[in-house]
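Please read through the structure below; I'll follow up with questions.
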Amino acid sequence: MNNPKKTNEFLYFALKNKKVLLGLSIILLFLILGFIGPQVNHNKPMDYVDPLGAQGPSAQYWFGTTFFGQDVFSQFVHGLQATFLVGLIGGGIGTLVGMLVGFVAGYRGGMVDEILNALTNIVLVIPTFAVLLIIAAYLHVRSVVTESLFIGFTAWPWAARAIRAQTFSLRTRDFVDLSRMSGMKSLKIIVTDIAPNMMSYLVMTFILQFGGAILIAATLDFIGLGPTNTISLGLMMQYSVLWGALQLGTWWWFIPPGLAITIIVGGLYGMNVGLDEVFNPKLREL
Amino acid sequence: MKKQLYVIVALVMAASMVLTACGAAATTAAPAPATQAPAPATAAPATAAPATAAPATAAPTAAVPTNLPRNETIFVSGAAWGPASTWNPFQIGNLSNTSGIIGLVYETLFGFDPLSGQLTPWLAKSGAWTNATTYDVTLQDGLTWSDGQPLTADDVVFTYMQGKTNPAVYFTGLWTTEGLTDVKAVDATHVEFTFTNPIYQEFTNNLYNIAIVPQHLWKDKTADDLANGTNANPVGSGAYLYLATGPDRNVWQRNDKWWGIQTFGTPAPKYIVDIRTSSNNVALGMLLKGELDLSNNFLPGVASLVDNGYAQTYFPKAPYMLAANTAYLAMNLSMKPLDDPAFRKALAFAIDVPTIVKTAYANLVNPSTPGGLLPALSQYDDTAVQKSLGYSFNTATAKKMLAAAGYKTGADGFVMNKDGSKIALQVTCPNGWTDWMASIAVIASSAQAAGINVTAATPAQGDWNTALQSDTFQLTLQNNTPLTNTPWTTYNALFYHPLPTDPKALEVNGNFGRYNNQAMFDAVDALGRVQSSDTAGMKTAVSAIQKIMLTDMPVIPLWYNGAWAQWPASATAVWTNFPTAASSAPTYPITWNGYWQTGGLLTLINLKAVTPK
Amino acid sequence: MRRYFGRKLLIYVLTFILAVSIDWMIPRFMPGSPINLMMTRISMNTSSPGAAQAVQTYYTHLFGLDVPLWQQYLNFWNSLLHGNLGISTYLFPTPVSKVLSNAVPYDVALLVPSILLSWYAGNKFGAFAARSKWLDNTVSPLGYVLTATPYMWLGILLAWLFGIVWGIFPIAGAYSFLMLPNLSWPFIGSLLLHWFLPFASLFLVGFGGQAIGMRNLIIYELEADYATYLESLGAPRKLIRDYAFRNAILPQITGLALSLGVVVAGALVTEVVFSYPGIGYLLLSAIQNEDYFLIQGCFLFIIMGVLLANFIIDVAYVIIDPRTRRGMTGGTA
Amino acid sequence: MTLQVENLTIYYQTLRGDVHALESTSFKIEDHEIMGLAGESGCGKTTLGTSLVLLKPPMKFVGGRVNLDNEELPIQDMDKMNSFRFKKISIIPQYAMNAMNPTRKVGKMTAELVRSRNVHFKDILPVLKERLELVKLPESVLDMYPIEMSGGMKQRMVMVISTLLNPSLLIADEITSALDVASQKAVVEMLVEFRNRDCCNSAIVITHDISILYQMADSILIMYAGQLAEKASTDVIIHSPRHPYTKMLIATLPEVGVRYTEKQLTGIPGNPPLLLNPPIGCRFRERCPLAFEKCVEVPPFIEIEKNHFGACWKEFVTNA
């Protein structure tokens, strides 16, 4: 995949693939919404803009207001931003650490591999959510970024494992041998020979990590261990439940955040399968 | 492979469900023997039920019914926020999840009626100071424990003695600082308390808070038992008996042999199921579905429900609720500019309490009087002082006062310290306490409107708590001023003394701003030493306190948190005749820990079943 | 094969030690003291400062926080091995182990059936979706949506629709508030009624994930060389699909092990939504009350549960996969 | 005659258009003939082989007829074709190493396969055992999983399976490329032995390694860029080839018996044309030293001598 012609070819197939297109457009749609939203709607997410709270959707408040008279739409769009941030940072770190561990373990093999692999398996069995939970529980000031960091640093193992396997299969290929014989540094080999040849794999890994991070963040937020200094989709759900949105039937408070997460993550997953078809000609539909 | 999977799945499902059933059963299996107390004969098969798996033994028995008849059961909520963990009346702090152990099972010498401000008879028929240092209590006749033993003066003496002999008991202060020197039984129904220089106000408070325990069952308990013992299967003298407990409920059964039936009448519900709701919204939902008969949760939405006739509250319109405690703004008096009374006074004028009442509480609360005393104690307020020195929301006035006090406005439109340095204050409350979060938002914005740069922050509860106790906060909300018989508890909490000598030491009892003014301390002590019967004396003492308080403004009382109570409107209701402002003899309809003595039990006695069996 | 299990066991032991250490460490090196909080909860309004101090020191000693760290660590292990997880501050004076044992059955009842059923049904469904491109494009999306749904949101929706709008199912507690636990059919019925919605939300999300997983694996298997070979020898579609399914099941078993962590997380929030008295519900209260003995207990319990489940799955894998059974490869960790 | 192919044309569908992998090819195979099919990789030899057995997308049938034992093969019809597969025409695929289900014991898989073709395993068992003996595999392999077998064993096992129902035509695709020289020789000999024992009537042996054909094939068919170049008896192709491409190909052969790797075959200057819109006329002409104007027309593949077919204008001209 390292030569341009091929890359174009994949781009070409990617844009022909319905799943990829659908997923991509969903992401873009929400991304735009998240960044245009604050421009068209100037209410601050936490401000108590409407004296009589819990009003349904209206021309003034598109998604209605919370029990305290906060603007749900404003919370929603700001929440979207937080969501994408978590996905980007959390998913990014998850992928990067996974790559680092996977490449080194897979390429070096031997003792290094043994250790890294053991580590991977350990972190893999530990229910990372539980770890996140107690960390968050005791870490009293939390921001979206810190949350993402923790998510990223607990989400890497399966990526590492997958990448390790791929690297294994690649390191014995003759073009790698060639570079090795030509005395190239391991790092350089990884960067120039191995990584490009599993670009597809890395892209897909990142997408999955992205979606995973979003879900974990939402879950943490929901039990009140999310960011303490801003709004997020998960927090919206938490507040709505805490403040009787179900019982009072203020559905506009708890439907949008969950729906958005579902659509975004669903889109990502669909896109992933689409890319899979793109990168594996065997699976391509014609 | 298919078949195997089917079998596995089937097996596991069955197994796990049974497990659950047993596990659930196990939760009563432990305390179940309690039921042996009322009816040893029938209890045996009942307690065996959970143990043996045969459905046959599950047949309801007189002692432990497995299905409570709805029309004899009252569902209450709002007291318990966790599974019951102790039935030991000496562990007041941990009883909140077992609300009723004091009041339903164990009884106090007196009750207290916040609406009249008077102590009411309970185990004691009457009590009086025979002289400045001697208090005589006369017990009711025919008092009995639920195991049939008589309750006598010796039990009272035994109970109060625990404070002398056990450091871990919470009322050791009776002996160490309140001046109690001796308690003795004159005869079976007379107890005599002897003091030197008593704190009358606090002792009066103790009289309806300390639960009397049976000497014949407690005399062998060690200090450790008193401090950590769970006292499972409690045997008390009260109107209800322990029946069962679960992770989300406590179940009490009426004691039909209760000594008080002749004196006070029979509580209407045969069973009380005290439900622990995971959050207020669950209570709201259950209330709407008629699955709760009395909710003591804070339900912000309830105002509209009452207006639309779905639910009822004590008042038919705002504030809907009786008052339970005073929410006030605590200030760190050791930092600039909060060390300047003039600044604090201006801040008091700057805070927009009306908006807090409207947005954060949907009109479920009332603003507080500057003196901070609950309406129940308003008779002691010095209205003159409050008029002359008091405050009310007025941005303009606040600005004037700041200017007058010499605070210049900086380029950013906010006032600066007198040395020209910027002022940036932070008002906090624990994250997740949403009504308070909304409130501090209003405090911040209204203060800014008056030119005081205040921002709101919501640290985690632990941090907030540490900051509060270690005096590292700036501005924060507090409400450790419970409803009691005396202004003394309120002011003792606000101006608690002596302050810790080491400034780093934690202060857990109150006076979090560490207001250090001997004149105030003396005034509070003076109030404490006025006899509860001496209303005039109390008024003078309170007046002295309020003068200093409103001059110095060490704290800013803001609003009264409500004694949250709501019940379904009659259409769906199982129980009726709840107390309202219209009732002939209204009571506090509260089931929280410590409120059974202040009207909770009386409320149950006055209830009527809508469809009597 | 012995070597294989040896390695496994080693990993598990290491994991456990690590987990226990994290568990011990975090509360001690994070801000906030549970004792203080407990003091405030006791919030004694009395004229005698002495009392507060006395009680404070009493608790500090009781919770063993008055000895050097290293000793606390050793004590921690020691009492752990004696099954003693300390005393809950928020449910003082109940031992943590007791609190947990009351909650565990509800988790078992939720997790075990939902995991196994969603795994089984999901695999079937995924295989079905992979039968044809047409089915794949029409049926699989359901899988993506389900697996992308946050557990609590599905829970909220179900609670709202079935609990409040239609009022079919109760949405709070584990059994009717009119009942006392007993082994009678009505009681078990009530248990099931309260159990159903939380179970359903766990099941549905899991179902989606498993279905998609199986679908992807089968698509690959059907393209595998052995499938083409059989095809060119005129073997019927049925035989080939059958092989593909059997081969895809194996990675799905390992997949199950890996998904456990997520499912547990899902169970925690689901229990919160339905205030279902399991570990998750407990853990939330523990966190809100900063009861770190209870938090530790819950955490340890979850760890042990997941480790155990992982081990069971490993064994199952070895038994089901002929290759590991023959001691050929290590399967997948 | 066994197999008769007429104007068979097969394309590969891609999103960019059709790849002309096989252009109107016609040839015959006689009874008991083992025909080698050789050419550079990507010249369409595998396409030819597989299209006869399993013609499925992205492969596309464009035209032509195929007769096996005077019966038309419905190769373009996946379902109709089923009755012929395995029984009349069978294949040893390139990927023999992974051709067996990894999670089934070889014997069990064979049994299930045979049964699925409505043949009683019991009836076939003796044959199976005899064939195993023939390829020097112990009966115990039937109780093995593929991963328990060496490459050579797998290759031979697949050989046995593919020929179990005595197909009339066996297509053996690169059966040696995965093996070391020693086992190559063995496999080659076994294939010949199979033919001699009528395990299959005739066979097409697809390979890029002409040297093994020399050891076994009766005739050799040379392909270039989707077109047939030349077909004749092995001796003729090796010693007196007529088509310039064959000549160059043979010229690059060192003494017979040495193995070839794909790299060496491209020792001929220039590269084969891309088959997505290929050049008109003789596709070899860019690389052909003798190319002349006539070559812009497609040369027919005709018998230039007895049993010696070729497709080159030069040949026709010199003989005219």
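A, B, C and D are the chain letters, set down in written order, and residue numbers restart from 1 in every chain.
Just so we're on the same page, contacts are C-beta pairs under 8 Å (C-beta built on N, C-alpha and C of every residue); 3 or more make two chains touch, one makes a residue touch a chain.
No experiment lies behind these values; they were computed from the predicted model shown.
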item: Chain with minimal offset from the mean of all protein Cα atoms; value: C
item: Of A-C and A-B, pair with higher C-beta contact tally; value: A-C
item: Cα-centroid distance, chain B relative to chain D, in whole angstrom; value: 91
item: Between chain D and chain A, distance of the C-alpha-averaged centres to the nearest whole Å; value: 49
item: Length of the line joining the C-alpha centres of chain A and chain B, rounded to whole Å; value: 46
item: Whole-Å gap separating chain A and chain C, where each centre is the average of the chain's CA atoms; value: 22
item: Per-residue multi-chain contacts in chain C, two or more chains; value: 31-32, 163-164, 246, 272, 288, 290
item: Residues within chain B bordering two or more other chains; value: 279, 285, 432, 460, 462-463
item: Footprint of chain A on chain C - complex, ascending; value: 10-12, 14-15, 18-19, 22-23, 26-27, 30-32, 133, 140-141, 144-145, 147-154, 156-157, 159-160, 163-164, 212, 216, 219-220, 223, 258, 260-262, 264-266, 268-269, 272-273, 283-284, 287-288, 290, 292, 295-296, 298-299, 302-303, 306-307, 310, 333
item: Interface residues, chain C side, partner chain D - complex; value: 224-226, 228-236, 239, 243, 246-247, 250, 321-323, 326, 328-329
item: Chain B residues touching chain C - in the complex, by the definition given at the top; value: 1, 5, 8-9, 12-13, 15-17, 19-28, 49-50, 53-55, 57-58, 64-68, 70, 73, 75, 81-83, 85-86, 91-94, 96-97, 167-168, 170-173, 176-178, 199, 202, 227-230, 243-244, 246-249, 251, 273, 275, 277-279, 282, 285-286, 289, 291, 432, 460-463, 465-466, 469, 480, 482, 489, 492-493, 498, 500, 506, 508-510, 528
item: Of all residues in chain A, those that touch chain C in their complex; value: 117-118, 121-122, 124-131, 133-135, 137-140, 158, 211, 215-216, 218-219, 222-225, 234, 237, 240-241, 246-247, 249, 251, 254, 257-259, 261-266, 268-270, 273, 276, 282-283, 285
item: Chain C to chain B touching residues, read off their complex; value: 31-34, 36-52, 54-56, 58, 62, 88, 90-94, 99, 101-106, 108-109, 112-113, 116-117, 120, 163-164, 167, 171-175, 177-188, 191-192, 195, 246, 249, 272, 275, 277, 281-282, 285, 288-290, 320
